[in-house]
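Per-chain residue numbering starts at 1, and chain names A, B and C are given in the order in which the chains are listed.
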Amino acid sequence: MDMECDLLVIGGGMAGLVAGTLAAEAGLSTILLRKGQSATAYSSGAIDIIGYLPDASEPFSTPEEGLAAIAGLYPLHPYSIIGYVDGIKPEDVVDEIVGRTRDTITWLKEKLKDTIAPLSGDFKSNIFPITILGTTKPTCLVQKTMYSEDLQTREDSVLLFTGFSGNADFNPSVAAKTYLEDRIAIGEPPRKVGHCTLRVSPFGKPYNVSSVEIARHLDHERSIEDLATQLKPQVEQLGATHVAVPPVLGIKTAMDNKKKLEDQIGAEVFEMLGFPPSVPGLRLQLALEEMYRTNGGKMLVGHEATSYIKTEGRITKVSAKAPRREMNIEAKAFILSTGKYIGGGLSGDENGIRETVFGLMTVTDAYHSAGEIIPSRYTNRIAISPEGHPINSCGLTLDPHFRPINEDGVEWASNLYSAGAVLAGYDYSIEKSGLGVAAVSGFSAAKHAIDFIKEVA
Amino acid sequence: MCMSDSEFDVVVIGGGSTGTAVARDCAMRGFRTLLLERDDIASATVGTCAGMISSGLKYRSEPDIMKMCSTEVVHLNRIARHIIMKNPILTPFRDLSDVGSDMEYVESYSEHAEERDVPEMMFLTPEATIAIEPLLHPDVVFSVYYEEFFIDPFRLCLLQALDAKRHGAEIKTYCEVIGFETVNDVIQGVVFYNRITGTTEKIGAKIVVNAAGPWAPKIAGFSGAELELRLNKGAHIILDRRVVNVGISVKALDGRYIYLFPHENTTLLGTTALDTWEDPDSLVASFDEIEYLMRSIETYIPSIRDARIIRTMAGVRPLVADWKVPEGKVTRGYQVIDHENGLISFTGGKLVMCRHMAEAVTDIVSKKLGNDSACTTHEKPLPGNEADVDVEALSAEYGVSMHALERMRARRGTEMTKILELTKDHPEWKTTICTCEPIIEAEIRYAIREEFPQTLNDLRRRLRLGTGPCQGTFCTYKAASILSEELDLQGDDFLVDILDFRAERWKGIRPSMRGEQLAQEELAQGMYSCVGNLDQSDVDYDLKPWEEGV
Amino acid sequence: MNEDEAFEYVKNTLRKEKITPYHSHELEVVKSVERCINCGLCISHCPVVAAVGVDRFSGPRSIAVELSRSPPEFWSTADVVYLCTGCGTCREVCPKNVDIPEVVNLIRARIFEHRPDLVPKSLHVLREVLTEYYLAFEPWEDKEEKNESRDMRLERLGLPFVQDKILDKAEVLLYPGCQAEERAQEVREAAKVILDHFDVDYTLLDDMSCCGLPSRLMGDHETERVLAKQLKEKVKKLGIKTVVTTCAGCTSSLSDISYRNEWGVPAVHILEFLAEEIGLEKIDSATKGSTEFSDVHVTVHDPCHLIRHTSRQITDFALDILRQLPGVKVTESEANDSCCGGGGLVSYHSDDVAKAVVKENMEAIQKTSADRLVTPCPLCTAQIESNLFKTGSSVEVDDLTVFIAQRLPKKR
């Protein structure tokens, strides 16, 4: 059965859910189509804003510093688009970008406050949480369960890395070694670390214990107490002030579990950043969906946008396909937030890179057409380097209203906006800017879409 | 220089299929044997082949070679059947004029079919052809059917090396020969650089066998001898899963034959043939090679581009130096060259002949050293092939999934019970580490302890670790942790191992990158760069040969 | 050897090598599975993994990147692949929409063909029933007893009895499905009450036969084809315009086969028929006057075959209709869309797994403090009802079709 709404959001990751929430909050009837989950659901639980400039080796100590550098050097970066405001003075551009980013972050923190993924950290500075590899990375916000107050500043801190038997997602002894070597090299605390392996067997077997199983198990009553009992002697033996656990402290009760553990063992507990399928990613996805629904947004899960009708420069309808049904959705404006290659917003083969829903123009990192490029030629020989791979900066390019533009440099449709990883001009893996760009561009696209809808109405 | 007083009867240079076969034969005949490999077992030519132990079909102009190939297939099926699988193969034709004189091979193939326990070559109607392989072009007018055997080339080399070791040979990987000690131009000893310890060592040797493949001329040169090869590059495309039901061999755009073979849980599309003078270590598949293969197979399987390409691989064939003929016309026989200075070199040869080549050279060694024990390498089973394995029973006994055990069986045969026994003391080692293959932790620990790997790449060759569609995206970290623990590596070395493995996987992924491999790589970057921050790591990472340059 | 002998020889070799060439429709499934990037999101959401752990059921990702890659080894997946309930959660959360439920069927079909000894015995028993009676359940031996059972059910539920209508020609075919035909007869009766009430020109089949879903789920392609062909012939003969069913599994299965076998007739669930053809206003006015029932607090279970195999929009129809029924208060459960464990024929051979899967629903249902659970599928109804009963819960369970029919005024 066909549907109607003010705003149709296509894509249900960070960008789409932020945009949808903002629209719903503004009183617009909003529908969000989601064909599957996206890169947001895999994320480590950290909200990066900007960690590095491409190919740079020093991290930014504050997001503000990073945004200013981006605005100066990368005028078509999604962050920089924010600065294109009619009549703005050149000296105000950075303030505009910083201001919008700060607003988004403040808003997001507030919105997630009472969900299962509340955030810690603030816009003032980048933080350097520990990853399961034993490395650290710059980010801006982490989920509260992942935050450590003073591990890396307190002179006498002693850190215990804790893993779980039969859970290959994290190896505490290797992380401990790697992390300690790094701390010794830079001469900062903690100066002593240890590691231990605990046993949690949700299904009675000490092998093939997945992270999500542990998290779900810890959501059950009493299980966190059992864990504390195992952990306490290890903490005492080492004299640990802090305990690093892989990100498994629970899905619904992670915050409570952190507190309970800390109370019982007398040391600060935090989750490290981990690899997908990650529990914090799951928490974040669920929390964002809850945020969207609570604000009145409607989700159509399991529906893929397959075609559209465009008349007089405007999209009027999008067809959505479920496994065995199809329908049309009419809307006044549309936001495309379908992600990159993982999310499926972009696809590529030896003939070029395509946007998958509307067939919009795609561009490379240098803003040349990506419609006919050979992907391998937009990669570096070195697999993992601060240069990243240009192919990961391909995507859509925008007008100042966050509308994708066509070959003529003007908006492709007057009522189509776009946000998130489908955008060109940034490589989130090397910049450490993924969820930040997603949230801020989602926020910005929604603001423009809301204005448009209100004007039309 | 670290001097060593060890003295060997035979030093074999090269840990490929031939070198390991020679080491095995020499050790089994009682010679004090040392094998030196500059990298890891099966890390060059043999590691980039399709694993076909060919009946010699393509070499019909050389009847002796076809006969030898056929006999060797029989031997390999006897000694290594646990790592061999049979592929039914179709050669479809869309145009009768393509057939031409090619039909001679039907007869020569069929001549030896019986001993290999395969049928004579057969003709199939278009209907039957399409029923067997619906992906084929509907215009096929007929097809030829035959059967070939395929071996896991990595395991073959490793098992030969392990068997040599069990017969008293010493196997040293990461030891690169840099010269010989000679007296009156006769080799007395071998000088090598040990890349693990970072020292130069020397050992005494009565006879040196040069099985260094593409590097054989370089080795011969160290002794003052000259040796010429015709190096020829071959590239493969590797597709995820078995996309065809049977092997497909077709006439390529240039009239050569190329093939699409189901291999383990992938499909191989190959191969190209280009004379090369490049450094074999820096070779990767080129855009033209990939297109040549795709366009050629596309004429028979129009939908092939829908299949997921997971990577490419490129290697070098060390052919006999026949020039001014196309690659296909160069003899696939091998030559044994006695430089009369204590060094014996190989040129040419095929995977299927490796045991035969070893036998031939070991016969010469025996003669020179006055030993008359007979060759038994074609009779004695390689480790793991001693008996059948009941996967269902083992699964019930050890509580590991049948599929994991079936895959383990295909790598190890009877040896797998040793691995499963480890899980009695360490049940946590039943945990799956590589989800594509799959591989459980116990097998990784066992391989590290028993099969002398130094890096994740070495583990890959032993276990097929990281060879599935995700190309190690997920197992790299997990396996690196285990390796690090077992070898007690420093934190930096652990990170270097991850970077090394990603680099090696990337080498093959990059040239053919398209489709879901873009998403796969976005994910890998998301994990190792975005979360792990390894792009910013300050560890001492040495650029690989293929990473150097602009 | 001539060409025919050669073909026979090759077929025999393929059988020995356990290779069954993919059919053209299966190639789409294989192509879909190739899209898997191993991310593991599905594992975090799979209800079977959640219920029994990834060691016992290695999950959808394992099926995509491991178990489905090499046909000659499909037999060795028999300890895992029969535990999938086919709920489709994996496909729905997957960024690549990898078609795991279908590849599971494909693998099961290969095991069925090459290693029938590894197919759970109870599925062979089910197969015998299907091939003998063309129904998923052994039919009642005594027609009288069957009617008595029906009448008892109708009486308990306060539903009127409407005579079966079997016409040569009608607009709508009411297809109750095996469960409602042979077991949950009240659902079949309730559908008749509803259609009758709204004066729909409908007919039943004079000879009800299974849609083939159970055969498909066990990998018995042959029986699946026979059943689908039978049904097509029956539908074609009737010349109807729409097939309406009350079963979630039949909805997705009929939608699928009607499309694949070119029936030219859509198949819909009765909820869709109510929302789209009858219209909410008509239902509203029809039920407004109904005072026979006291207020009831319900929660809803969404059948996988409706929401994940057909369309999530059908849930909206259910809620829209429920919310306008007088005296009905709806509270959504936290696990409203979580598989009841009744799918994929899992309960036939691994009832402990099916039970473990439904446990999450049980807890969530209790939490809503609703006094009744309604669900638009007789199979989910049976699965949830028996498990609630065993836990001593006071929550009653009704098929949604019955629940709606009950609230229609009696026709005179």
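As a working rule, a residue touches a chain if its C-beta (ideal position, glycine included) is under 8 Å from a C-beta of that chain, and two chains touch if they have at least 3 such contacts.
Note that this is a predicted model, so its numbers are computed, not measured.
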### Query
Line, ring, star, complete or other: which one describes how these chains touch?
complete
### Task
When you average C-alpha coordinates per chain, which one falls nearest the overall C-alpha average? Tell me, please.
A
### Task
Find the geometric centre of each of chain A and chain B from their Cα atoms only, then give the gap between the two centres in Å, rounded to an integer.
41
### Task
Could you tell me the distance, in whole angstrom, between the mean C-alpha positions of chain A and chain C?
37
### chain B-chain C separation of Cα centroids, rounded to whole Å
49
### Touching two or more other chains - residues of chain A
39, 42, 205, 207-209, 276, 342, 344
### Query
What positions in chain C touch 2 or more of the other chains?
37, 39-40, 55, 58, 95-96
### Task
Would you please write down the residue numbers of chain B that are in contact with two or more other chains?
430, 432, 474, 516, 519, 523
### Message
Touching residues of chain A toward chain C in the complex: what are they?
### Response
1, 35-39, 41-42, 202-203, 205, 207-210, 212-213, 216, 276-277, 279, 282, 300-304, 322-325, 327, 339, 342-344
### Query
In their shared complex, at which residues does chain C touch chain A?
37, 39-41, 43-44, 49-50, 52-56, 58, 88, 91-97, 252, 255-256, 259, 275-276, 307-313, 317
### Touching residues (chain side chain A, partner chain B) in the complex
39, 42, 44, 46, 48, 52, 57, 59, 131-138, 165-169, 171, 173-174, 177-182, 205-209, 273-276, 340-342, 344, 346-350, 374-376, 379, 381-386, 388-389, 391-392, 428-430, 432, 434
### Summary
So, in the complex, the side of chain B touching chain C is made of residues 85-86, 88, 119-120, 122-125, 128, 131-135, 145, 147, 240-243, 245-246, 262, 264-266, 303, 306-308, 391, 395, 401-403, 405-407, 430, 432, 435-438, 468-470, 473-474, 516, 519-520, 523
### Task
Would you tell me which residues of chain B are touching chain A in their complex?
287, 291, 305, 427-433, 441, 474, 477-478, 480-482, 484-485, 490-492, 494-495, 498-499, 502-503, 505-506, 510-516, 518-519, 521-523, 525-537, 543, 546-549
